[in-house]
């Protein structure tokens, strides 16, 4: 098994380099993942052979580009178990997907006095768009609290009392990018559905890490980014249930999303094309297709096991050390481990680790309000993916030793 | 001309596109529907006269490419006198032929449309008038578009 | 000189292929251009060595990615002669740039009864976003007419009388993608500026074809797409004058565009970061940088000469034939030639040409209202770039001969 | 430890970050300003007491990394007793050293910050308190951020 995982590392050219004279240990996967060769080759092949604009073309290259672009959509259906390709909208990423829903669904369904329910552990990308919507409509944001101190768990007992109000939509993160908490999204969506509340799941940290089934989750919208699951930058997916998408007004206007245009007014296509104005990131979608194939060949169930194994190792390794404060659940956590080294600022931790070839991230990880609630400004974060190894965890622990020695 | 092209633009297709049959309006007709192809802006109106579940007369108007016009023309010829049910069945077989290429002998003149399947970007052209005809037969008022094909 | 241009073709792998058994003649450059090797190599190098998320990272890869991403912004400044890198916002492309301005600047500056001035030759991408804005605000769209029959020229004499009203913004295409008309944007912007009207120039068809200087044009906003000038899909540029950008509210909300976030409200960065929420298309920006360098090495002045030469050849070659109706200006036109073959639908023209290896586009080219005004549904369009040759034009003329014979 | 790291975290830096000098509020002070680094959320308040264009006292508070804290501490030591004009001139030279690396002998203790230039992501840390100090000296009320550095 371990041998198998080590072989996989050959697929990732960026992993095989020295950084400041040390072999790179890349532990910033929650920010973005490395790309396997097959994704890069797919991009290259597209640009070398099939590059053309999509949809409106009749000629051979345009045909090939359109076919490949739409095949990526069909592949996305399978990746998350949507029902139809009309439920898949290509976006720039998680952030754009949420903004699209907030602007299009939000502006047409949310009124003054309505409420949007979020959790206290949302990424800024699943908070600021709703703040903008609230400003524009006079709606209010309410929050499902985080409890359990540094463990950072959702206070699910509070859910029903919060849903029992003027809540129109409940947006929740699946896996927290700063704590590694895995939220019970199926259960949360079921409660919301019973209360007649529309749901959005931020799957940025889960889509590439575990098998994902939107039918089983039972959400209305789900968003994720390609670059966090071996795909290129610039592309992501918004899944929306057809019934909802079909009654939503356009987001951006332009070429490709129209049925017919007059100087005075236009008629729009139905989903998904209504929501993809202008030339999309064609190569991005095609590269994403290759990433989907690659991940499912590796197996997202196995990836999830591997993530959990490394997370548990790192969690225990750090927890046992003196002067380290570790965040996130003690058990059942994702491959994201946030921690603080007593007396040392997280950016100093990251700088020292980087000099030893270990790539960590420091800061509030775009969850500033959550961190204020936990009473911290910033943490250092190690986040794993399937190409990381137990030796990588050892290198992490070693480098934290050195940090402590250095600043002691 | 390449073979593929000759397959697409068969004599019969060129003939029907240049001299479309039943190319007229039926003013007092009970059933009318429009078909739009937003990719090219082409648009057809199909007129159907029903008589006890049987298509007594059918005609069309509009502008479009050789493929869509020939398909409309051949369609009106083929459907006249058919029941709604067998018209639908025929559409199913024509669509299969156009999208997958395997015609079946029984399609007669319509099998001239088999070459379209090698031209994926033109499949919508061939199917457009059929969509409009089906919408008309079922008394749908709205304008149908080829977008549902995507 | 011609030898020189032929050598350039070696830089473009996609040009060297057979399509339906014939050497490809790619004349669909107004839709998207082919990519030179250097752009592909730059993408590959980024993903193989430097791939990481930008801005919030301290570690080496993140540093490299951030430096490269921001260097692309600085390069864009030079490409269009902006004053500062804060005036360059990376978008998905022209369409998103216009939507950003319409939503952010538009919603904060346009009121019921105000007017937005457009020309009658706008691409849907520079029309539909303003229709959406007009719907939302109660503003009205007014149009500077197109005159000169099939030549399709702006009726510039009408401009002053149209500006003499409640016009807040004038959005205009630089080079028409369906007619090849080159509009006098400096003059138009000067008139608008004198009337106190904000201007936006759609440079989708010009930015990669001629030297572009936003100071000399004197516009407030300018937009273009990377994929139409040798760059990757998924990336484009919105230029905005700093004074305007600084007073515009955010467009999308999320990570990277904030100064600080609370559960209740957020403070935003200033431009350009305020307008780039979430992970951007990092590789796209870096690839675009390589495209800028490549184009300026070839020389946009030379590209423009070459475009005009091929356009003139094609224009004359087609004009002289019986049964061909050619659109666009007789002189001073860009490398875009639209035409109709009498009695043959444009998509039949394109299908036949494609079978001979000649890639054309048919349709309304996303200028449907203009075409209705000219009384046509669709045209076939040949659009050139610097890697096209006079032989390509000959192949075009030959294939049109065959079309005419075939359908005669 | 690597050489670069030793350059960045010199003895003097570590010392000043652990035991910052002038680390206090000046309650009755005429000039106060805040400096924010949105990348990490760190924030400093700098207090300045002016006396006829001369900095009579200077202190700071806030939390942040070793680099920013040491830079603030060294800054307060260096600027006390200087005129506004020479404080500005000194900032110019410090900034040049931090961004470009070439210190000049005259910077004395401040030259301990020269190693920062090899760590582009940390340049903002070292400059942050200086921005706040300049804002305070010029009586600017608003909170300055490192964003203007980008």
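We just call them A, B, C and D in the order they show up, numbering each chain from 1.
Following the convention adopted for this analysis, a residue touches a chain if its C-beta (ideal position, glycine included) is under 8 Å from a C-beta of that chain, and two chains touch if they have at least 3 such contacts.
Every value quoted in this text rests on a predicted model; they were computed, and no experiment measured them.
The greatest centre-to-centre distance from chain A, using averaged C-alpha positions, is reached by B. Centre-to-centre, using mean CA coordinates, chain C is 46 Å away from chain D. Here the spacing of chain A and chain D, counted between their Cα centres, is 37 Å.
Separating the CA-averaged centres of chain B and chain D is a span of 77 Å. A separation of 31 Å divides the Cα centre of chain A from that of chain C.
Taken residue by residue, chain B touches two or more other chains at 39, 41, 121-122, whereas all remaining positions touch fewer. The multi-chain contact residues of chain C, meaning those touching 2 or more other chains, are 20, 56-58, 62, 258, 260, 347, 351, 362-363, 368. In terms of which chains touch, the assembly is arranged in some other way, matching none of the line, ring, star or all-to-all patterns. Looking at which chains touch one another, you get A-B, A-C, A-D, B-C, C-D. Interface residues of chain B facing chain C in the complex, by the touch rule stated above, are 1-2, 4-5, 8-9, 14, 39-42, 63-67, 119, 121-122, 125. Chain A contributes residues 55-58, 62-63, 66-67, 70, 258-260, 269-270, 273 to its touches with chain B in the complex. Chain A contributes residues 20-21, 344-348, 351-352, 355-356, 362-364, 368, 371, 377-378, 402, 406-407 to its touches with chain D in the complex.
Remark: chain C residues 13-14, 17, 19-20, 24, 26, 28, 31-32, 34-35, 40, 43-44, 47-53, 56-62, 92-96, 98-99, 102, 120, 123-125, 127-129, 131-132, 141, 143, 225, 227, 232-235, 250, 252-258, 260-266, 277-284, 347, 350-351, 353-354, 358-363, 366, 368-369, 372 touch chain A in the complex.
By the touch criterion stated above, chain B contacts chain A in their complex at residues 36, 38-39, 41, 120-122, 145, 147, 150.
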